[in-house]
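Think of it as A, B, C, D and E in the order they're written, each chain with its own count starting at 1.
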Amino acid sequence: MNSTIVSYLSQFEGYQKFVSMASSFLGSNASGYITFLVFFLGAFVIVNVMALIGGLGTYAERKISADLQMRQGPNRVGPYGILQFLADGVKMIMKEDIIPSASDKFMFTLAPLLALLGVLATFAVIPFSSGLMLSDLNVGVFYLIGVSSLVGVGVFLAGYSSNSKWSMLGGMRGASQIISYEVPVTLSILSIVLLAGGMSFGTLVNAQSGFPHEWFILHNPFTFIGFFVYFIGALAETNRAPFDLPEAESELVSGYHTEYTGMRFAFFALAEYMEVFVVCGVAAALFLGGYKVPFDLGDGAFFTHTLHLPEFIGKNIGQVLELGSFFTKTLVLYYIVIWIRWTLPRLRVDQLMTLCWKYLTPIALFNLVGCAFWMYYFEGKSLYVLLFKSAAHAAGAGH
Amino acid sequence: MDYSFSNVALIALLPFFAFVINAFIVKKFTKLAVTISCLAIFSSFLLACRIFKDVVFDVYSSEFYVHKYFNWIDISSATIPFKINMGIYIDNMTAIMLLMVTGVATLIHVFSTYYMHDDARFGRFFVYMSLFTSAMLGLVLSDNLLSVFIFWELMGFCSYSLIGFYYEKEGAGNASMKAFMTTRVGDVFFLVGILAIWNIVGSVSFVDIYAALSQGKFAHDIMIFGLGIPVATFAAFSIFMGTIGKSAQFPLQVWLPDAMFGPTPCSALIHAATMVAAGVYLSLRMFPLMEAGHLLTFIAYIGAITAFGAATIALVQTDIKAVLAYSTISQLGYMVLGVGVGAYNASFMHLITHAVFKACLFLAAGSVIHSLHDHHTHEHVQEMPRMGGLRKKLPFTFIAMMCCTLAISGIPFFSGFVSKDRILGDALLAALHHKVMWVPAVLGFAAAFLTAFYMFRMMFLTFFGEPRDKELYEHMHEEHLQLNSNVPLLILSIFTLGVFYSGSLTGQGFIKVFKGNYEWFGTLVEKPHVANFQDHKRQLWTMDSSVDREEFKHSRYDEKHGKTEEEAHHVHQVHLIGALMSIVIAFSGVFLSFLMYGKKSLNPAFWTGLFSGWYRGLLNKYYFDTFYIKVVIQKMLLPLNNFLAFIDMGIYDRYAIDGWENVNRWFYTVAKWFDNLVVDTVAVDGTGASVRLFNVVLRTLQSGKIQFYFIMIILVLSSYIWAIGSN
Amino acid sequence: MASHGLDVYMPIIILMAFAVIMIVGALLVGRILRPHNPNALKESAYECGEEPIGIAWSNFNVRFYVVSLIFIIFDVEGALMFPVAAVFKKFASIGLGAPVFASFVLFILILFSGVIYCWKKGDFDWVKSYRIPSSK
Amino acid sequence: MISLPSYLFISFLLFVAGMFVMIARKNIVAILLGIELILNSAALNFVAYTKFVNNNLDGHIMSLFIIVIAAAEAAVGLAIVIRFYQLRESVHIDDATQLQS
Amino acid sequence: MFEQILFLLSATATIGFTVAVVGTNNLMHACMYLLGTLFGVAGLYATIGADFLAATQIVVYAGGVVILMLFAIMLTGGAEDKKNRFGIEKIPSMGSTKTYIVAGASVLIIAMIVLKMTANIHTANKDLAVASTGNESTVFNIGSLLLTDHILAFEISSILLLGALVGAAIIARPKRN
């Protein structure tokens, strides 16, 4: 059931020819090494693309915020300031790396590692496209939730290890914010899993289809609200926008990574932006039909059969289309996230917590029960099917 | 009608439920409690009517009976069969009796809502009344002597508690004790009788007893374990002693006059209509046994003596309730006389008619007493000398009282005449056949005369002439028609007419009123023919309760009671003579009392002076009370008591217990010696030392350090596993 | 031909390796390029310019713990509910929807009652909401 | 070849380490940490046995519930420790010898 | 082939981190190493084929319990005072050599006994090895098992969680008035 990038590639005879050539070359059965090689390459490509997107995220953020505030934003480095993030990166590397004296060296270095680890580990599961998914675990979503809670640990450690009251308080608040917002996120994901009937991203995305009426967001009113609960929770979980209290400049002197300088700080920023992308990607996958392309162009059947293109090209065109649809949806959400950051004011700590526990969690639970009821009562049929299909049937039957 | 549990047992259970509920709520919701008990008895009355209609109007057969039982106790082991069944036994007699008891009880309940209204313990009275009615109904319904005995005792308790209702009055206390004790004497014999029957028959239900009788188990020659008395006589005698106790017959009649301390409705219900009648009902049920035991002559004598004696005492009573009490005793005597002379039907009819008019009499007396309120002593006046001329103030009570007095004194057209005349007729018939029966017959007729005399003496003293206590008379308030005060009286007085019982106006069948079964009472109530009980037609309680009607052939009134032509004629003739004599006697009694008390032409003082010795005797009731106290208690019971005490104290205590004490003392000394020598030194001090040692060791172990405990746990656990694993 | 087997976990291992490599690599590269002259002032924790006073680990309000407590309870609840949710569709399709739905909702209700309890007892309101005990 | 004893050995090591921590450490939180280790070893054993011996999923269910209970136990345990700290200003195991607070 | 690598990797991780947990003196470090151990055990679960359990382990333990511990450590005061109330020299909170010796001795005894007991188990199924762990998902089976055979346990665990939640909330609630 769980297809990986290797299983996708192996369906082309080209890949088999390559494997047989390699195994004849090495003498023993090389499929094991080949799969490792493919995975390595895939992972390498994805990490770099994500790093690129993370960097571009900072650029995009500054550009969009400028645009919102009617000003230009960075345009010195490279055309329209595209390479600004590279300049920042180089600056970060050149900066001196200071570790606070009384802090705990081991923890100080471990914190960014955990944060980064938490984000990178999720890439294995994000469904970029039906083939390009690194590995479609059948506990996909659940694994994702687990790993993303590592970021919380990372934040806490950062706060604890830099031995200053502000960062300690920032760390504590950041961690408690992340973990408390994980509850509504988990519950809304749970309702989607309930509807789709499976935890792996493959099943989740395939349960939807290209057209908006088939997406989960419009499946039933509960998932519609669920999407917004998830989105708000995700925002808070990545310490973004209205919830960026822990590292808010005015509040706690940029929170837990006050003491971090240079590259260590860069990793935190990078991790944060990558996590925003991951979160938007998951939102797109779960609620907006992920890599699904309208008229099922994605699986390439159209190209191979109707246009009689060779199977390899046909399938890959389909993949490209799927990638396109996934990236457009995710980047739209990314834009919205940045957009929100420069519009909504920052929440106070108790408002933050009240919003989570007294509003989001009850609503999430209500949605969950709603979805369960929907699944039980309407046998999981979406609103569209119920309203129009049955109407159509009735009309059909009527004549 | 199906005699299922809900229809039949409910009659007795409804008042019992009322009792249970009232017992709890009487303190707070007296009004509610009263209505509950009235409703309960009224619904029992409706159920009883249903049974009566079915028995009398639908089945109308003399051999009809329904016997349903369930297994109450069954601890019979292989060898000793010990099974007790409980159940209900309904035949014509039960149906009539049920109707009478529930009817009279309902009316009395209604009346007592008026009579007891301003009484402090208004609610509690109804609690006892409900319990009593349920006991009585239970007794009437029950199918075996044991359950009769149970309800018998329950009624004894109720009468005890109701007599002692006004416990602040000093007389009430010992009166209730006296009533309870004397009936107890009778009950003891009754129990002995039951045991004797149980011994012979193996079960005490009526059907089994009748079957045993018909199989000759009570034949004359079977002696009771060597006492030389035929078992039938022994059983019959002891059961009859129960009747004597309960129905206040000759030797044990002392308690009934004292029972008047209780509230009047209670004496109306208990000491006039139902409880005392239960004794007679029992002997009627056990009539075949009495016959087998040849006890009838003895019964007749007891009945006659009671009737005549009580009548004579009633002559001299001044308290209105005392007069009625003694008249009850004499009428009961009549019923027992009827049983004695074999007039089964007549005696039962007299029981029913007496219950009705005696209840009416008591209620009328009650309403009289209730209206005579003495302002000085704040009590109700019962003394007839202070009454007189009350008929203008209490018209309705007067009418009711007059009807009942006419009935009781045996004036034609009234129920009393119908039943008493039949008893006297049979007594005369018996006297003709057996020489020995002459005395009861003569006493019977004499008692009839005296009854007429003292009843009318009471009427003249209370209602006619001038009111002797002017001040009391003014205070009386005019009586108006009230539902709960005098309507019950009027209803009861209606039933004193003879036509209801004999179907004919004159009571002798001259003017027939109910065409078909006009002599319904006569035909239905018959001596149980023991022969047809052999087949034990009984049904398990749970069996479907529809009684197949065809078995009981429709019985017609047989003019000649199954006798030959000339015998019937002879009987008829004797009855005719008896009737004429009783009419003459009744009227002469009335006339004499009219002369003495109405017109005051004869001066009663003259006669009392003439027979002054007799008069004093009558006044203190033939010295019975004094006799019992002085002779029976002081002379016989107390000495016996002392003697037994002596044996107990003197012999037993001194030797058995004290002796044992010495033995103990000896042992004690030895033990003490052993104790302080061996035990103290070695054991006690030794253990003390060892405990201190352990203490030290263990205290260190108990360090409170959790990890220490943890290590201990693991080591012990693993060594344990190791031990197990190794073998 | 594609022995999925445990290959599915290979990318996770590889990605984690990537994360480690990036961190260590960046630090090593930095160590070479970065100026390195630590002095006490720079190394002291930033205190808006003043001297840092006291240790950082002063006792914090227990609220943080209560939040993490409720998180872990819901976390475990999620863990238990995920398989049930995943299987819900299958059970519903074979007609067993009602009992599964009932047990599912019962599970949630029981835990939600816990949330309500905490809510009423004021564990969620972050600011010290001390209810002044009524004066009587 | 990976076989049952290898898994048993690992869980044995975990068990021993957990035990050691529980005895050696004096800080109550550390002891709770030791308990977590021991619970993990038990869960691992369950899963290993169900995989190699009876090949159904009972072991999985059992260890799932072990994890659930461990989480609940940790939550309550640490709550007690915190309250103990508030009352006694220390989390040293040797201060916790009295039964009342 | 990858199976052996994965097993070796997670085994070394588990054992390494466990030894680290035992070895460190700093409670925070111990917590972090515990996190590592938990990931190692998750890896072991993965090799055995219990993928759902591996994910649960990460979610519940790594995500929840470790953070709980961290918060608890923070809330029970990082710094340790050496003297207890009566001024008696306290054993350092993370254990001194003396406690190590005692712990070592008792653990040694238990290890010996347990090894002796499990010896025959090891010999019995030494050869017992399952070829390749087919990767069919355990999620659906666990889900259906939870709903069919173990429904009672499933419901009771919710009550258990409720109890834990309410209990811990009451205990940990800061004293109000």
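As a convention for this text, a residue touches a chain if its C-beta (ideal position, glycine included) is under 8 Å from a C-beta of that chain, and two chains touch if they have at least 3 such contacts.
The shown structure was predicted, so the numbers you read here are calculated from the model rather than taken from an experiment.
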By that same contact rule, can you tell me which chains touch subunit A and subunit D alike? C, E
Quick note, more Cb pairs in contact for B-D or C-E? It is C-E
Provide the C-alpha centroid distance between subunit A and subunit C, rounded to the nearest whole angstrom. 17
So how far apart, in whole Å, are subunit C and subunit D when each is placed at the average of its C-alpha atoms? 20
For subunit A paired with subunit B, centre-to-centre distance based on mean C-alpha positions, whole Å: 98
Interchain centroid distance [CA atoms averaged], subunit B/subunit C, Å: 87
Mind pulling the residue numbers of subunit B that touch at least two other chains? 711, 714
Subunit E residues touching 2+ other chains are 2-3, 47, 52, 56, 59-60, 63-65, 67-68, 71-72, 74-75, 77, 102, 106, 110, 114, 133, 135, 139-140, 142, 146, 157, 161, 164-165, 168-169, 172, 174
For subunit A, give me the residues that contact two or more of the other chains. 2, 35-36, 137, 142, 145, 149, 168, 172, 176, 179, 182, 198-199
Touching pairs of chains in this structure are A-C, A-E, B-D, B-E, C-D, C-E, D-E
Residue ranges of subunit C in contact with subunit D within the complex: 62, 65, 69, 72-73, 75-76, 79-80
Contact set on subunit E toward subunit B in their complex: 102, 106, 109-110, 113-114, 116-117
In the complex of these two chains, what residues of subunit E are touching subunit A? 1-2, 26, 28-29, 32, 35, 51-52, 54-56, 58-59, 62-64, 66-67, 70-71, 74, 135-137, 139-140
Complex interface listing, subunit C residues touching subunit E: 3-10, 13, 55-57, 59-66, 68-73, 75-80, 82-87, 90-91, 100, 103, 106-107, 110-111, 113-114, 117-118, 121, 123, 130-133
Which residues, counting only subunit E, touch subunit D once they are in their complex? 3-4, 7, 11, 14-15, 18-19, 21-22, 27, 30-31, 34, 37-38, 41, 44-45, 47-50, 52-53, 56-57, 60-61, 64-65, 68-69, 71-73, 75-77, 80-81, 84-85, 90-95, 99-100, 102-104, 106-107, 110-111, 114-115, 118, 121-122, 125-130, 133, 138, 141-142, 145-146, 149-150, 153, 157, 160-161, 163-165, 167-169, 171-172, 174-175
